[in-house]
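The following blocks contain the structures, represented as structure tokens.
One chain, chain A, appears in both complexes that follow, with chain B as partner in the first and chain C in the second.
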Partner chain A sequence: MEQFFQQVVNGVMVGSSYAIVALGFGLTFSVMHVLNLAHPETAMVGAFAAFVVATLFTTNLLVVIPLAVLAALLAGLLIERLAIRPTRGRHILTSFIATGGLSIVMQNGAQRIFGVDPVRVAVQVEGVQTVGGVIASNMQLMTFGLAVAMMVGARYYVRNTRWGRATRAVSEKHEVAQALGVDINRVSQLTVGLSTAMAGAAGVSLALLHSQATPFMGAIFGTKSFVCMLVAGNRHIEGIMFVGILLGVLEALVAGYISASLRDMVAFGILVLVLYLRPAGIFGSYEHD
Partner chain B sequence: MSALLKVTGLHVAYGPARVIHGVDLEINSGEIRALLGANGAGKTTILKAILGLVRAAQGAIEFPEGRLVRGLPPHKIAALGIGWVPEGRQVFSTLSVYDNLLMGAFNEHDQQKVQQRIEEMYKLFPIIETRRGQIAGSLSGGEQQMLAIARALMSAPTLLLMDEPSLGLAPRLVRDVFELVRTINQRGVSILMVEQNARQALRVANWAYLLEGGHIVGSGTPTQIEQSDAIKRAYIGRQAS
Partner chain C sequence: MAAVEGGAPAPGVSGPADGPNGAGSLLALAGLGKRFGGLEALADVALEVPPRQVTAIIGPNGAGKTTLFNLVTGDLKPTAGTVHFKGVDVTGWEAHRICALGMARTFQSPRLFENLNVIENVIAARFVRTRSSLVESLLGVGRSRAEHARSVAMAEELLRSVEIWHHRGHMPKELPYGDRRRLEIARALATEPELILMDEPTAGMIPSEAAELMALIRTLVDDGRTVLLIEHNMNVVMAISDSIMVLNFGRKIAEGPPAQVQQDAKVLEAYLGVEA
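Moving on to the complex of A and B:
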């Protein structure tokens, strides 16, 4: 039983990172109707930013994390300008090609700069918390807290702020929103900026938890998050968060009880099952208008 | 004095499909003008071109009073004082009624003014007040139309573009809507109204344009339009009422 709870805790920690990457994927898709294939690469940018800051300047997390998130956000704004804004309103394949191309450029760019091998992100957080034999490291708890803060912040923004309201309006009927005075390019920037900042937080979390960053870390991570979005549907923030965390837990259980080598198959197993049973996702539809 | 809105030589195409062919129209302050025409004539397209939502291939759009707006992004055009009641209501169905109203005043930063306008809308549309916390998608068709009109008025526009406000409403509500058009106009808002319901529209408008296949084929006072052959041929002949 203890081992079970331990796996669940580990799963929640990783799953919260899937959740915030998935949230960004879903947010960008439902607002801009663009699938940003370069989205997971911004997590990688966050991870390498953490590496650079930690190696060259300081290992103080209060500096490392904000700078990593900022780096991912800036990368996101660049992606928005280069590949999302120009392809908005066109066929979805156009944005696929544009953001997919950028994704390849970013992966290979990182490889050019940092090499193929993982770089070591040497930031330590000492200590563990134990509750009834279940252990969570302070580092785990810190990254979990970061993910939760990001989710709560995103939810607050979308629900309770003026631009958040405009974002929901654009997501539903962008022409009407524009004719009411909403600058859609601003909404695009805010949405992609927020989404990629969350991905950056996930990226730096992974880098800290595993003490490393690699140029291709976005790929598998992004695919899993994308699966979360597909499984949850793109309607509810809570739904995406729930599915992200659930995926983390299932993976941890599979790795713990069956075999670690099967871990990466979990996401795709669920995807196939859900798309078969509920093609629009568990929580809502992909349709608009 | 120049017109409040003046459209000259407007051409619009969707890709290779050219749908508006050199349309001229204008509206002076204080007027109600109607734009009539059968399905697919291009009425909605003209409104969207004025709003900057579709790109005009050619022509000039001046609002207000001579300012050239063609090519400006829609949010900048809206800020000049144009309100839009889109075809088929198009309320934000996942937002609350109250949030829909707030969206109407998106660029009004004076919260006092916003609240004041909301109160005005509640007076004009009592039903909206009782439904304010509800999700707009749960309103009836008639209620949604009222909300769409209220939302457009929230920005205190000088010109209101109304796209088939009576579409799909029960006869009694249709009468109410046209009454409302008068009321809004009496409060100083100029109105350009697209309608299929030509008879009713001609009753409230003081000038009308007749659009056929992307061309203006007639214009004049309601009496002139009603007596023209063009309208009988293109339009009223097919209407039941």
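Moving on to the complex of A and C:
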């Protein structure tokens, strides 16, 4: 039983990172109707920014995390300008190609600069917490806390701020929102900026938890986050968070009790099932104009 | 109509433009045209909309009325001509900037935000009149609280004035058709427009609903707003309009006060056929 709870705890920690990246995927898609395939690469940017800061300057987390988030945010704003704004309102494949191309450039650019091998992100947070034999490191708890704070913040932003309300209006009928005075380009920047800043934080979290960063970390991680968005549907932020965390837990249990090599199958197994049984996602999706 | 081009004041000056009658006009169109490839949807349309009046655009289906609205509000870019609003040349401006200058619209069939409840639909339209930054509104500090309180108060007042306050917590899809139109008007008013464009506001309404809506439009004008409307219901048009422009095949064929337009031979021909 102890082992079970340990796996659940580990799963929740990884799953919260899936949830954060999936949230950004879903937000960008439901607001701009653009699938940003380069979105997970901003998590990679965050991870490498953490590596650079930790290696060259300081391992103080209060410096490392904000700078890494900032790097991901800047990468996100660049993606918005280069590949999202110009493809808005066009066929969805246009944005696939534009953001997919950027994603390849970013992966290979990182490989060119940092090499193929994982780099070591040498930031330590000492100490563990033990509850009834189940262990969680302070590092895990810290990254989990960060993820929860971002989820709560994102939900509050969308529901209760004037920007969030404008964002919801744009997501549903962008030309009506514009006729009522909402600047679509600002909403686009804001949406992609928030999404990628969160992805950056998730990227740092992963880099800290695994003490490493690799140029292609965005690929598998991003695909799973994308699956979370599809499985949950984009109607409820809570739904995306729930599915993200659930996926982390299921993966941990499969890896722990069956075989680690089957872990990556879980996400795609769930995807096939949900697309077959409930194509709009478990919690439903918005209908667009 | 040359007076519009020559006599329009410099941008930023909101003094009255010299219209053909010497009256200041809030909205002035000159030589306005729109081509969709080989199709000329609208050609050489000139119009002066005086403030605090109801101006109606009528014409058979496909005459270019909604295209004209889309050109004025910035939803479409004209291929010829100019749009001056409050003396400012707004030709080719993006829709949100034109709205910020004081123009709002309703649509032919109500286009509400179906995922926002009734009062949120109105509050969402306050975006253009609020200034708080993302950080302020996330933390609920600075301008954000006071602004939000003002927006909520205004939204409630607007819902009361269009008599759908009792629906404030409902989702738009739960509203009867006439109330959906009222909500759309309240939403447009929340942007504090001087000019409000209404595309067939009484379409699909029963006569008693249409009469109530006409009374509402009158109230708007009495409050100092200007209304430009597209309407098919001739009883409404003749009763409510101060002046009427008639479009046919994308061109203006007549304009003037209702009594005059009603007698116009070209108008009768467009509506009734050649025998008239």
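Throughout what follows, the second predicted complex is superposed on the first by the 287 of 289 C-alpha atoms of A that agree within 3 Å, B and C clash if a C-alpha of one lies under 4 Å from a C-alpha of the other, contacts with A are read in each partner's own complex, and residues count from 1 in each chain.
As a convention for this text, a residue touches a chain if its C-beta (ideal position, glycine included) is under 8 Å from a C-beta of that chain, and two chains touch if they have at least 3 such contacts.
Nothing here was measured: the structure is a model prediction, and the numbers come from that model.
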Exercise. Do chain B and chain C fit side by side on chain A after the overlay, or clash?
Worked result: clash
Exercise. In the superposed arrangement, which partner chain does A:Ala166 touch: chain B (first), chain C (second), both, or neither?
Worked result: both
Exercise. Which partner does A:His91 contact after superposing on A: first (chain B), second (chain C), both, neither?
Worked result: neither
Problem set entry | First (chain B), second (chain C), both or neither touched by A:Asp183 | both
Seminar exercise, completed: The answer to whether chain B or chain C touches more of chain A is C
Problem set entry | First (chain B), second (chain C), both or neither touched by A:Glu175 | both
For this session: With the two complexes superposed on chain A, say which partner A:Tyr157 touches: chain B (first), chain C (second), both, or neither.
Result: second
For this session: Using the superposition described at the top, list the residues of chain A that contact chain B and also contact chain C.
Result: 162, 165-166, 168-169, 172-173, 175-184
Seminar exercise, completed: Contacts from chain B onto chain A in the complex sit at residues 48, 51-53, 73-75, 77-79, 82, 84, 86, 90, 92-95, 99, 102-104, 106-107, 151, 155
Exercise. Which residues, counting only chain A, touch chain B once they are in their complex?
Worked result: 162, 165-166, 168-169, 172-173, 175-185
Problem set entry | Residue ranges of chain C touching chain A (in the complex, touch as defined) | 73-75, 94-96, 99-100, 104-105, 107, 111, 113-116, 120, 123-130, 132, 134, 137-138, 144, 147-148, 151, 187-188, 191
Seminar exercise, completed: Contacts from chain A onto chain C in the complex sit at residues 153, 156-157, 160-163, 165-166, 168-169, 171-173, 175-184, 190, 286-287, 289
